[in-house]
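Scroll down for the structure; my scribbles are underneath it.
We just call them A, B, C and D in the order they show up, numbering each chain from 1.
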């Protein structure tokens, strides 16, 4: 992997670097921003914010609900044992199990969506990263740029250090 | 495979497969060939007789195949055999009528008790230490024969005494016969809760020296003076069966039950009306009722005949027994006396009953005679709904009282003890143990080492009743005379022998055999007076109550009840009232001490049965323990709470037991169940609780010399808080306990 | 026709003698726990005779009341069991399947009659008391709840018997151990579906009540209340 | 503000991972020993039978179930509070959330053990799982214990995820700062986290959704725990108030546990700069609110019973109010209300020490509350003949002590291996809340 990137101590500078890259004709999707914290209040932190996760949560909840319904009702009918004079399929108590499984489905679906869409767990091999990020620096860079030399000026903002990865 | 597992497997599977499969040495036991033809899993019903009290209930034993560790010819081994699993009342038996009491249900544990003696024993330790070593039957019988021969050789046959219970039946007959033929005096009989006072009174009043049989089924009004007829007294099962019918069985007529006692017993707890009375004044109340009945002209005094005539002042209308005077003496309100008398006399058939504590006073005979006279006055003797006397197949054996062998100058040289434990069941002040220690040779036929058999030099353990021929001739309890015998329900587990057979054997082996010779065995002896051809049969049903197997029943089937009661010659005595005498000064010993037969253990002879130990007492729910019942309000005043350790002191000793405050006892009385406090009586009873009999005064009923076990006064002292010895099954005593009432003050 | 087993308890007949208690122990292999365990509340009595005092001496009265499993139609013990160890059988018995019981003891809490008993330890019978054990009744191991079964082993045997003899069950032919022992016949057992049976008739007696009826468990045991004595002549 | 300032912050918060004090070993050893005793006690109980515990007829549930409810209640400190604070974006939550969520996870694990410990045949506990037995019978879903199974497992799953997901960036941070085996272990746990914008966005979304989902689950968990009691017609159990009453009590005891945990961490890990008096102040206010809420529920419950005067309930009422359990009852009232009210109500007293004292009281009080709910009612059911008592046995006390030790042990170990304060959330918190003018292109 080849890459060129800058490390910035301040998010304002990172935002500027992102803006410069855009100005240099780099597509939004090709700009990598890596940070040790989320920057909700900066534009660069909002890129790619759209996600199907809430819908997946709803779908997961529905799957859980159906599972809960089938688990309770079908097993109760499969071997009808009478207890406490209750109906064989007893809705009131079953609703509790159905509720729990609905919520479990939603949670699990959200987490699966998270893992899939955030590519976790994943390998960092061949991907742009710099351990200095964990010290608080914000990394803005481009992986496999077509013309690294042209991008370096865009990243060279006062207060940032430009690095490049060869091989 | 551990030991416990082993038991479980045999119990659950009942097969040998699991046992032979593993190589544990414990399982490599000798296997005897099955002795009988029993189909696994199929129950057979065999008749027997419950031996635990004098009632003599006929039972059916449910026999099923099982694997038992047994002794055969001195050799231990495992055998598949028929084992008694459960006892039910025999529906064909006129006494039990297919029912059985809690004690009878537990009788099966006598056979399987882990501490039952499996072979003859010779004493090795000090007398009373309980240390014995097993010996063979040959040795044991030779020793007994030798001892008796030595007596005979010295011409001292009179120094042989046989101590037993006064249970009517062929067994006692045999003992008496053998003693007589040997040249010894009649057997000595001892029963703590003896009914001899009542028998004597019945002889005086009605000419029948025996216990009455009640026809409660047809009674409309019952006044009961202290008899625990639903619990421990006389023929409790038969009486309970009839009681059930008296309550709900007469088609809308429900008899009234009035109970008179200073303490609310289990029987009293069922009464419609409870009349608290001063101890020992029951006879006064009975005569008070008679007075009112006579004065009101409902019945004429002469109607009582002889039963009235023996009461001083009867013919004069009992002027000393006006309701006011009765109230003074008994504490029962005059108005109540009037009302009870009129109710009693106007709801015929009515019956009055007396037994238990009222007769265990110095004036017990008077109390009994007074109640008899009341019965006679309302014409309830020998009548439906009244009392009657069953004709007896043979005269009762004459016995001697225990006191005859206690005195230093009448100590027997050889004492044979069978099924009685006076060392435990008599007041310490009688010094029974000391007296027995003076006897040079004691042999016991007991199955267990108890306080009395521990003094024995030789123990020749009897079969259990389920393993031997048994016979009983109940003197009461049935509309039909029912001497009954039954064969063994199962084969013996151990190297034991039936005591009657041993006695017969000994009688033949004596240097001068007893003559004329008796049958070889008890079975033959019973066969001699039993119609042949009635053999126990196996019912088809699986449900026990469908069984109709019955014992060999002898005696007439004629109903005797309505026959005129036999009348012997009047003795021409008239008895006058005397105040009951209590041992202990009322100022120093303010409480009446009322020991009572425990529902579970009677006089303590059943304290070794674990089911009965764990059976909650009907009134207190106590299990595995002793306790003192004390009036709840009096306890509150004295700062005594549930479980507090109380010391009860009489002039003759003291015992400590936890307190149970109860609303069912008079404020000037404390009560204790009898039965616990064994020092030596198997693992289940030894060292458990205390024995209230020990501190009783040696007072006796004046006329009959019977122990007056209700005539002791005591003082009490709280000596500590709960010591965890009180084990109750129940929580609260009331359905809505006071402390949960209301919304606060 | 399906059976519906029930019992009538005549409190006017019951004398508190507790013959039923021992009979039950003998029939159902109920372990004796011993003094130490009894003191710690582990005594097992599938049937017990409750005793309640009313009033104070000398105006004191006593109520006896045998309490056993009421075999409720809407038994609160059943639904709470997570493994169906406690459930209603076809005969209307409140069945306890020992093998399925894992010992949550929830049923014991839910039962308002406190008639369920728990095996806190493996039961022991000191030899040779084990020879008495009823081979028709399984032995319960540690950690298992147990309770009155209306002597289901007798019910099963009776069904086999009448089938082999091709006949109907006679009323009164089948009795649990407690009813069989009861000297005063205070306990009457039978088929509530048979309107002619003694138990069915007694269950409709005006004296009949159910224990804790308000709690809605719909017990199949009917208690016939004790009657007061009245003077027939006074009417 | 200079962003490089966040390096010392990270240095500070990962320090406990790389420097071990003697105290750590002392705590682990002591707590470990007690836990081992508890394990031995349990083994003793399984071997000999549940009878070695004090439970008896008719008090079939005792200390084990008291501790079950107590620990499940404690578990409501973390995830629930953390989720609420996240949803309302309370900034002061940042140093608190992880210590809180850890409590949830460990308390749930500990609490969920008790229903197994208390079983008569614990080796068959898996029969509670929803799978068919060899006879194809499934568990009875009408049983509150089956509901417990689902509720606790959902809550535990959610809570573990809720704790673990926001831990990933911090694990990545530790990975970057360590070498050797640590680097490999943390690298594995960090799931290859880089911190790309997408990853941060997905993480935030997931946390938002889970926060929404976990709140009703948490409420349901303690409601269902309360159903274990209120479904039975046991006097003073059979009450509709039990659901909210239990949830409130759970949050009450949970906050108390959190305050104590934070105070301990603050001292032992020298986190004074991060866990500041303001955090205790705020949690103290919450605790005060819950104390008032708790008192309200207790009053409502007691009044209803007293006014209704139903005999069997009055038996329990009086047993706790002035009978054999009164000493516990009034101790509970003092601990849960009389002590916390002035301490937390008067600002001057609402110090860290004050909050800790009040919290200790609440923990004792809430434990007693669970005892007073379970035991007196079982001991006084409808038929007074069957009333009983209950006394714990050594095995129950040992296992109970072991669970407290287990909490300490697990907490010590966790704070040893994971930054107990979320570094990235602290960093994010350092940023001014107003959007930056320079970066906003939309």
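By our rule, contacts are C-beta pairs under 8 Å (C-beta built on N, C-alpha and C of every residue); 3 or more make two chains touch, one makes a residue touch a chain.
Quantities reported herein were computed from a predicted structural model and do not represent experimental measurements.
More C-beta pairs in contact connect the chains of B-C than those of the other pair, out of B-C and C-D.
Distance from each chain's C-alpha mean to the overall C-alpha mean is smallest for C. For the pair subunit A and subunit B, the distance between C-alpha centroids works out to 88 Å.
The mean-CA centres of subunit A and subunit D are about 29 angstrom from one another, to the nearest whole unit.
Each chain gets one centre point, the mean of its Cα atoms, and the points for subunit C and subunit D are 43 Å apart. Within subunit A, contacts with two or more other chains are made by residues 81, 83-84, 86, 93. For subunit C, residues that reach two or more other chains under the stated contact definition are 43, 48, 50-52, 76, 79-81, 84, 122.
Within subunit B, residues 621, 730, 734-735 each touch two or more of the remaining chains.
Across the assembly, chains come into contact as A-C, A-D, B-C, B-D, C-D. The part of subunit D that touches subunit B in the complex is made up of residues 306, 309, 311, 314-315, 317-319, 323, 379-380, 384-388. Across the complex, subunit D is touched by residues 37, 40-44, 48, 50-52, 67, 76, 79-84, 100-106, 108-110, 112-114, 117-122, 141-145, 211-212, 215-217 of subunit C.
Across the complex, subunit A meets subunit C through its residues 81-86, 93. Interface residues of subunit C facing subunit A in the complex, by the touch rule stated above, are 73-81, 84, 86-88, 218.
On the side of subunit D, the complex with subunit A involves touching residues 2-7, 10, 130, 132, 135-138, 140-143, 146-147, 150-151, 153-154, 157-158, 161, 165, 168-169, 172-173, 176-177, 191-206, 209-210, 213-214, 216-217, 220, 224, 227, 423-425, 427-428, 431, 433-436, 438-442.
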